[in-house]
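Going in written order, the chains are labelled A, B, C and D, and every chain counts its residues from 1.
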Amino acid sequence: MLKLGDYQLQSRLMLGTGKYRNAEEQEAAVKASGTEVLTFAVRRIDLETADQDVFAGLDLDQYQMLPNTAGAATAEEAVRTAELARAAGLCDMVKVEVIGCSRTLMPDPVETLKASEQLLEKGFTVLAYTSDDIVLAKRLEAIGCHAVMPAASPIGSGLGILNPYNLKIITEELSCPIIVDAGLGGAADVCQAMELGADGVLLNSAVAGAEDPAKMAEAVRKACEAGRAGYEAGRIAKSASASASSPSAGMSRRS
Amino acid sequence: MLKLGDYQLQSRLMLGTGKYRNAEEQEAAVKASGTEVLTFAVRRIDLETADQDVFAGLDLDQYQMLPNTAGAATAEEAVRTAELARAAGLCDMVKVEVIGCSRTLMPDPVETLKASEQLLEKGFTVLAYTSDDIVLAKRLEAIGCHAVMPAASPIGSGLGILNPYNLKIITEELSCPIIVDAGLGGAADVCQAMELGADGVLLNSAVAGAEDPAKMAEAVRKACEAGRAGYEAGRIAKSASASASSPSAGMSRRS
Amino acid sequence: MLKLGDYQLQSRLMLGTGKYRNAEEQEAAVKASGTEVLTFAVRRIDLETADQDVFAGLDLDQYQMLPNTAGAATAEEAVRTAELARAAGLCDMVKVEVIGCSRTLMPDPVETLKASEQLLEKGFTVLAYTSDDIVLAKRLEAIGCHAVMPAASPIGSGLGILNPYNLKIITEELSCPIIVDAGLGGAADVCQAMELGADGVLLNSAVAGAEDPAKMAEAVRKACEAGRAGYEAGRIAKSASASASSPSAGMSRRS
Amino acid sequence: MLKLGDYQLQSRLMLGTGKYRNAEEQEAAVKASGTEVLTFAVRRIDLETADQDVFAGLDLDQYQMLPNTAGAATAEEAVRTAELARAAGLCDMVKVEVIGCSRTLMPDPVETLKASEQLLEKGFTVLAYTSDDIVLAKRLEAIGCHAVMPAASPIGSGLGILNPYNLKIITEELSCPIIVDAGLGGAADVCQAMELGADGVLLNSAVAGAEDPAKMAEAVRKACEAGRAGYEAGRIAKSASASASSPSAGMSRRS
């Protein structure tokens, strides 16, 4: 079970909304993914109307909403966006996303720290989107973030985990939940993230942009479970040399 | 469904036997894996007795046996080993394994080709263990092998797929089933192999040597299904640049 | 030529001091490297005496000294260390190093930014040691740092460039000199860093810890020049498919 | 010094001819590279005339010619091509190249072995182009090849060394010279190949296709020397953890 503040989740997979070719594909993918959390950009939705395009076809009572502050370039903008979402009754859980580079859409460490700190003071459940900088991740945990969300690679790139070493260090050094976010391109990337010790993953483009989004949603659901089970099962160490799979010495017999 | 000659399999995961700490762990792992095929070295079993240590605790009627010729250094030895196995009523399907390097336990291309050719002539269903040399793989297919089994990395090393490029080329260029064999270390490696287009995987050390073999067996079962589904779903292309997951342009509404 | 504030250097290789097995090896390596810049931890030297162990055998008039603030865990400590070094007449150029993780010895982004800002105000020539976080690198440039020094991997690890993608983005997006620091393990790593567009490299363990430090110093000197020339020469693009080196169509003849 | 049969070479860099934009660029690049060996496809030149387009502007007395059998798809074709070259007085040294895959242009193991064996019997100095299959490489050495030339990646791809593990095993397990051929894209790839223990490299597209071929030739010349020196100097081991470059314990003083 994944705990994010007071929220408890069975599924370790979070899914983005709004990049699908149409509402049917989104609905099918969301269902196949088994996700309990739907993320979306607050900026993209009309906070005053009930029937949002971005959620077309989804029964929102079945999901935990996770608004994000995409579009914010400063802590101030991110905080304002989060407060608008809470005021509209969406959620008091928020993914803090403050972009600092228009080319890579990677987050700004200083503004992310500032926004997270302010939102924590205001009582939000804060999930902070960040790079894979280990010290930054530690600082986000230290100020009380409920989860740290390191990017695997730039948003939407599908490049997968560019630096597995850093990601592994983060999962080992931090105690709070680690949700790998951004850049995961498919099932193998999801499985690797979980095997490295992540507590969850967040996907959007990988599912929405697949040829068959529902099928891909099923794939990443299983990959997420597989990676988690593999992590818990304790994999063998890597060895530079071979070791015969069919040894000459025997196995102990059942007594 | 995976077809190997006349054999039809639902599961795309094959499991080795004989490296487990004890028979109970082996039994639990085999069951959790959902495999239908058990592989073993003919040299390790006593062909005259019914109750084999190597299969202790397993109901062999439920599985397809896949004897391998591990221990053979020449085509002649491999062929003799396969014939002994068939004569003992084990199976007419065989994994041809002719080792050419004592350090890496990598297969000998010349003897593997020769042994495969002879066994095909003798009516065996032949699965050929090979390196990831694309031309060698094509030759093995050309002589009629029922499956080609490229090594991800040296047997038992857990190094995973050292050369994903070669593996992808092999899955694209060949029409016969490709079973990735040797070197896979855990769930993420299995998922990657399947996502690259492999038709199946064969594992032994990764499961038998895990801290919790039954849990790892469950992990690789799901990883195999996840990778296959991911392959079929058609993953997004990798892109050197970022692409906003929360685009400003909207999604088409359900009509 | 590499310009760092008012300092102009012909060599793009900077060398650390103090990890050599003995003074003779250090002297031979420094000479073979062709470096013009020697870096050292201010904390390790006795600021009151002339003949320092750490520089034993070196004619210090021939080198530019680059004191670093290793050992500092806060901006305050780093600033104090830099001021002590300047007061002792060592140099007004400083490598800002504020460690934020005892396991990886990776730098603290917040304290590094703060220390750099204060030292710039005090008139220092500031080279900032940082992770490969692109937004952090941009911020360090924006406050006026004379060079940004992203880590290839943890200090002394020899793991090389863990994330070539990030390093390339940093060299492309920033205008100030980029000196790759920490983790480079040998000639190939140095050559890769320079080919990716770095303006220089800083090494210590890779040379001091080599079996033959002087020979390794020669190797990394050439690798640095090779990588720079390769960068300037404009390498071919990577292609997923082969292209015959011996084409059938001819080359235009000299007219 | 690199020994190939009776041939002794100071430079460990071999250069292809015939892909340059014009003869001037080729001449400048060949000179800047410091190479002593020029390779070319026998099929591309007119064996009856003295002044060959492919060598326009080069003083051929200064170079060792290395004809290759590119274009051959069988051992028979390769042998015939080599004999034509020798009869024309070009050279009794030959690079055996028998392609087995039109997409990757990777060599055919069976025909390469056969052609090499026949040419060795006919007294040629044989350099065999092959994949990075360790057992195949051992077999080529065992029949007496004067050098084994494993491909880094497909010809002209610039993908660099796809499988450094295999390449390292080959350099460690074989005693004959290993010349890395095909796929190297620039200075960093060359440096890595040499650091892994290769005795030489062969390049064509990487130099001929660079924006500034002469500059790239200089880059790869230095990279080749750097990698070799780095290999001889004995690089530090890779370590998963950091190790302070500025240790608190001192260095032993000169006695």
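Methods note: a contact is a pair of C-beta atoms (placed from the backbone, for glycine too) under 8 Å apart; a residue touches a chain by one contact, two chains touch by 3 or more.
From a predicted model like this one, the values you see are computed outputs, not experimental measurements.
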{"item": "Distance from chain C to chain B - Cα centre to Cα centre, in angstrom", "value": "46"}
{"item": "Computed distance of Cα centres, chain D from chain C, in Å", "value": "32"}
{"item": "Contacts with 2+ other chains: residues of chain B", "value": "103-104, 106, 159, 165, 240"}
{"item": "Category of the chain touch graph - line, ring, star, complete, other", "value": "ring"}
{"item": "Pairwise chain contacts, counting only pairs that touch as defined", "value": "A-B, A-C, B-D, C-D"}
{"item": "Contact set on chain B toward chain D in their complex", "value": "100-101, 103-104, 106-110, 113, 131, 133-136, 138-139, 153, 159, 162-163, 165-166, 169, 173"}
{"item": "Chain D-touching residues of chain C, taken from the complex the two chains share", "value": "16, 18-24, 26, 40-41, 43-44, 53-54, 56-57, 68, 70-71, 103-106, 154-160, 182, 185-188, 190-192, 194-195, 204-206, 209-213, 215-216, 218-223, 225-230, 232-248, 250-254"}
